[in-house]
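Next come two complexes built around chain A: one with chain B, the other with chain C.
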Partner chain A sequence: MTLSTPILWVILPLFISLITGIFYRRRILGMILTCTTGFGLGALAAFFPEDLVISIGPLTLNFVENLSILGRQININYQILPFVAFIYFSTGLWAVGSIRPSVPESFRPTSLVITALLTAALGVEPFLYAALFIEGAILFSVPMLSPLLSKTHPGILRFICLQTLALPFILLAGWLLSGVETLPPDSPLIVQTMIILGLGIGLWLAVFPFHSWVPMVSEKAHPLPVSFVLFIFPTVITLFSLNFLDRYTFLRTSQGLYQSLRSIGTLMIVLGGLWTAYQDDIKRAFGFSALSETGFLLLAIGLADQGGLSLLLMLFPAHAVSFWLWGFTLSLIETRADSRSIEVLHGFAQRYPIISSGLLVAQLSIAGLPLFATFPVKIALFSEAFAVRSGLGVWIFVGSLGLFFFSVRLLINLVTPNTEQAITSWVLTEKANVYLPILLTILAVIIMGLFPNAILTNITTILTAFGQLQ
Partner chain B sequence: MASLSTLAFLMIVITAMVILIFRDWRINTAALTLQYLAVFYLVTLSWPIGLAIVKLIVGWMATAAIGLTCLRQMDDSPPTESTSSLFFRALAGLMIILVMFVISSTLQDTVFPNVDLVIIRSGLMLVGMALMQLGTNASPYLIIMSLLSFMAGFELIHAALERSTLLTGLMASVNLGLALVGVYFIMKSNDRDELQKEEEGK
Partner chain C sequence: MILLIPIGLLLIASLAIFILFNLRPKYGTSWLIAAIASILAWLTIFYLRLRLPTTLEILSWGGSTSQLWGDFSLLLDYDSWPYSLALITITLAVIFTDAARTRYDSTPKSWSASLAIAALGLVAIQSGTSMMLIITWAIVDILELIYLLGLAEDTQFNHRIVIAFGVRIISIIMLSLATAINWQLVGTTDLTSIAPGAGFLFLLGAGFRLGVFPLNLPMLQEPSLRRGAGNILRMAPIAASLGLLARLPEGIITPNLSGLLPLFHALLAIAALYGAFRWVTSQSAVAGRPYWIITWAALAAESVINGAAGESLAWGVALLLSGSLLFLYYPRIQRMNFLLHFGLIGMIGLPYTPAASGWFGLTANGLTFWTFLYLLAHAMMVMGYLKFTLEPGGETSVLESWARLVYPLGLIIIIQAIITSGLIGWPGSLILGVWWLPILSILIIFGAFYLIRTAGFDTANIKLPSSSGFTKVLNWILPRLEPVFRLEWVYRLIWRIVAALSRILKIFSVIIEGEGGILWTILLLVLLISLLSSAVGN
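On to the complex of A and B.
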């Protein structure tokens, strides 16, 4: 029996999300289906045999790597499977968090649709058609970011506008790229193509000045879907962007491009960090921190010649656990605290020590504190940036300092006793279904930070999918 | 042929201006319907009618979805606006027309040498007006209409550059998806208002 890998990692999850969508009110069923699909397809991708043959008793399943649709193909080849495994595992992880009643009901089915569409985007040929799959994923993320009975906030409209505006730029850049390959390097058309491509990817990644929707959506929407969106889109889009470097020599060899990426990345780190530093709303602070992390992704690509691409891939799992922890703990805080203002959280750590620890670890991990998940990657990026140009290093340090400053403010406010409260001593009020996921994720954050070579380097095998970038 | 192209171009300019200036959903829906007709004609200059008609059908479906939802959900009374705001938007629209006229010839010379000037001008008019609209209002249905206009403008130019069945299909899905998002926004604001009224009544 012959099957194709896109059926397994694109069509099947779409079908399951349809079932989950039909029974969207049944939270447990939805969670089980989404978790099983996420973790199941993730595990299958992680342990898929290289010869693409699976034998179960007398049944032998032969897989082919492509699926033809209307004369075009979707290829999910063996080299990209570690990344597919990673995004499906992440989807499963977020589905676990969706057990909380406050999470929008549409989150479970749409998260699976988004992952399936983004997987298709990674494999579609010609690869520029990926822009349309990504746009589809963006449209599907609307119901979970702005549920039916909530007010339509301006942030979600801005999100739709800016993300949709990226589509024409990418398609136009694709058309231009096919023509400029044969042109001399000093042709003005090459610079124009790079600008159009940069605008498209910049709009997608919410690069300054297209970032305004991030804090707005982060402030108004539920933290778990927000953390999912802010994790999965930049991750997949960054990997998708590597296709451009892999396929077009003039882009790969352009030192100006790498220099621009380093500068834009640093600008994002600085702005994200400084904006985070003085935020009072913890949800908005998360949005700005996410912008800072996008800066690190761009910086890593900009440092490609210094081994930045491996560091970029190593950042993905560190982001996944940190963002999940942020989203999960914030959703718990939102239902327990009187306000989202950092000033009103006095005494919260005394009443909810595990949730508070989770939030702090997530924030400190994103800030790059030693021993936590992002530290090994960020210190390597920092060193490389400093070696390339000391000015870059200084600015990255300033940006990171902003994230640390907010973490310290958060810590002080969480542990400062609230004199108006009856409870003044430390008590453990969280139940097992709350503290177990948090403690396990904190453990994962620490293990990633302590053993980066054992945990994070596995994902760098994805680079084999990009023949010219290894 | 040339006169029909000019007519389609004029229709695009007028409908884009109407969508930019007025806030009444009935007028805007009618303008969007005519706009897709004009876009369809201009796409037939690059594509066979069989493929180009997909753009017309999808565009009309999207418009119908938004229009019918507005019919069910929105107030019957047309929005009242001061003459100065109408005048301001008309002036902004005229400025866009001027800018697009100036840059279209340059764009044809430098980037799209094989594309008819009327196609470039029409596409740019739609893109420019839609961007102006997106920048000047925060009403969900107008934003979605502007995005549909923006996409129509882009598709018009892109159709002259590339022909692919899958791309047409995916673009159709994106347009319908945008329309559905628009329907979702219109419905949800109304459902929420009703819920609030019920709660206040209790």
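On to the complex of A and C.
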């Protein structure tokens, strides 16, 4: 029997998300279906045999790597499977968090649709059609960020507007790219193409000044879907962007491009850090911290010649656990605290020590504190950036200080006892279904921080899919 | 593997006491476990003196395909052994002397914490690479934060704990920066191969943590655990920072920093003098402990700046051992007061005593104006120590029968460690030194005592009469000086800068997130395109 890999990782999850969507009110069923699909497809991708043959008793399944739809092809080849495994595992992880009643019911089906569409975007040929799949994923993320029947907030409109604006830029860049390869290197059209492409990707990644939707959506929407969106889109889009570098020599060899990426990345780190530092609203602070992390992704690509691409890939799992922890703990805090302002969180740590610890660990992990997940990658990135230009190192340091500054502010407010409340000493009030996921994720964050060579480096095999970038 | 024995013993004992305490609280059994583990660990450290240097590779992040470069190892050498000995001796002394403090803060929980902190302290001291040190510092700081917050004291205290944690985080960031730069310069994270170009950042990291460079005192009010676990809690991170100072190479003040050298000397001299002055005027030894730490750490840091990092060991060991002898001496017993005088051996720096080599560190660049300031600070430190030594004590009857044996034994163990470190602590620990400087220091002390007698001070305790004019001046000036040196004004200044910056960013946020946000975005987009076209075009 012959099947194709896109059926497994694109069509099947779309079908399951349809079923989950039909029964969207049945939380447990939806959670089980989404989790099983996420973890199952993730595990399958992780352990898929290289010869693409699976034998179960007498049944032998032969897989081919492509699927034709309307004259277009979706290829999911063996080299990209570790990344597919990673994003499906991540979707499963977020589905676990969606067990909380406050999470929008549309989250479970749409998260699966988004993952399936983004997987298709990674393998579609001609690859510019990926822009359509990504746009589809963006549109599908709207119901989870702004649930049906609830008032649409301006952040969502801004999100759709800016993200959709990227589409014509990417398509135009794709059209131009097909022609500029034969042009001489000093042709102005090459620079113009690079700028158009950069703008398209910049809009997708919410690069300054296109970032305004991030704090707006982050402030109003539920934290779990927000953390999912802020994790999965930058992750897949940065990987997708590597396609351009892999395919076009003039892009790959342009030192100006790498220099610009390093500068924009550093700008994002600094602005994200400084904006986070003074935030009073913890949800907005998360949005700005995520912008800072996007800066690190761009910086890593900018440091491609110094091995930045491996570091970029290693950042993905570190981001996944940290962002999930942020989203999960924030969703718990939102239902327990009177306000999202950190000034109002006095005494929260005494009443909910595990939730508070989870939030702090997530924030410190994103900030890059040693012992936590992003530190091994960030220190390597910092070192390489410093070697390229010491000024970059100084600015990255300033940006990181902003994140740490907010962490300390958050900690002060969490542990300052609230004299108006009955509980002033430390009491463990969380139930097992709350503290177990948090403690397990904290453990994962620490294990990634201590043993990145065992956990994070496996994902770097994805680079084999980009023949020119290895 | 032998390096892991003392660390493992302390950790296992800590865990065992913790479990025992939660299942069937037994004071005697817990104490016995703590004492046996500490004694065995202490003996192992002595045995390891015969096998220096000993290295243990633990973990490496690097590999042929990895861009990560963290290496983790333990290294016990002549730089780390004296501090390891000091820390394990303090741990043992805490357990022994806690026998006399059963009515105060001595509990199995505090022993469990003491042993765990001491074990982590040993790991930090023996860190062979800066990555190991970074991770250990982070673990120690997080555990200390949890432990101190768990003591659940007042709001102000929680606030101070978090500020202190923030300062520690900055020191970790400094160390991370130093490590990253060192990696670029020499391609290793080994602490034995620190490039002079990165050395200053290492000094900043350690100095920030010690609270001495720049001077910062976020934790003046201490938690209720002041003597036993409290002493370990303060000394273990200090020992780890001092261990880093001892490894710094010569020439960390690179030519581009040499113009700032007088400023560095001045900052350290101010820290030393201020700390010494506050120490000598402190109401009690424990209240003066932050200043005790500041001053000796300043002397150690000055040795490093002078290019004699190895000589910082002398001042570091004085800080840990002579200090702990005093801080663990509670309750005071009149008949045991004489034991405190042995602590002077470790700090005066007379020829062939442990601190004798320390004077080389202060005079490595010749006799300068700064040397005399440090001499003055040293004299004040010794005087303060003498002041607390001379305080009257109670009767032996306040002790339980078993405590009458182990309590003095705990103090004698520290004295023994002071003598041992002088004899075999590090190469060059048993030397003549700059013999006339300690004598000058003693002369200053005698002169001060003479003045004190003639000024009508209470000579038994060297305390000023409360009615004296000098007391009134001190009472007015000290509370005003303290916030200055606690660097609260720096925090306030930083906060104001952040607030000002935040107002600008907030306005920017309001504009870009407001109704006309899209138009502003397009405007910025046009600007960005014009900027990028020139950048990419070039």
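A few points about this structure:
Keep this in mind: the second predicted complex is superposed on the first by the 469 of 470 C-alpha atoms of A that agree within 3 Å, B and C clash if a C-alpha of one lies under 4 Å from a C-alpha of the other, contacts with A are read in each partner's own complex, and residues count from 1 in each chain.
Simple rule for what comes next: a contact is a pair of C-beta atoms (placed from the backbone, for glycine too) under 8 Å apart; a residue touches a chain by one contact, two chains touch by 3 or more.
Every value quoted in this text rests on a predicted model; they were computed, and no experiment measured them.
Of the two partner chains placed by the overlay, only chain C lies in contact with A:415; chain B stays clear of it. In the superposed model, A:161 makes contact with both chain B and chain C.
With both complexes placed on chain A, chain A has more residues touched by C than by the other of chain B and chain C. When the two complexes are overlaid on their common chain A, residue A:377 makes contact with chain C while staying clear of chain B. Once chain A of one complex is fitted onto chain A of the other, the partner contacts of A:47 are absent, as it touches neither chain B nor chain C.
Contact with chain B, but none with chain C, is seen for A:71 once the two complexes are overlaid on the shared chain. Judged by the touch definition given at the top, the superposed model places A:257 against chain C, while chain B stays out of reach.
Judged by the document's definition of touching, chain A residues 161, 188, 192 lie at the interface with chain B and also at the interface with chain C.
Within the complex formed with chain A, the chain B residues making contact are 110-111, 127, 134, 138, 140, 143-144, 147, 150-151, 154, 158, 161-162, 164-167, 169-171, 173-174, 177-178, 180-181, 184-185, 187-189, 191-192, 195. For chain A in complex with chain C, the touching residues are 155, 158, 161-162, 188, 191-192, 194-195, 198-199, 208-210, 212, 215-216, 254, 256-257, 259-260, 263, 274-275, 277-278, 307-308, 310-311, 314, 349, 369-371, 375-377, 379-380, 382-383, 386-387, 393, 397, 400-401, 404-405, 407-408, 411-412, 415-417, 419, 424-426, 450-453, 456-457, 460. Across the complex, chain A is touched by residues 59-63, 65-70, 134-135, 137-139, 142, 149-150, 152, 155, 158-159, 161-163, 165-166, 169-170, 172-173, 176-177, 179-181, 183-184, 498-499, 501-502, 505-506, 509, 512-513, 517-518, 520-521, 524-525, 528-529, 532-533, 535-538 of chain C.
Across the complex, chain B is touched by residues 69-72, 129, 132-133, 135-136, 139, 142-143, 146, 148-152, 154, 157, 160-161, 164-165, 167-168, 171-172, 175-176, 188-189, 192 of chain A.
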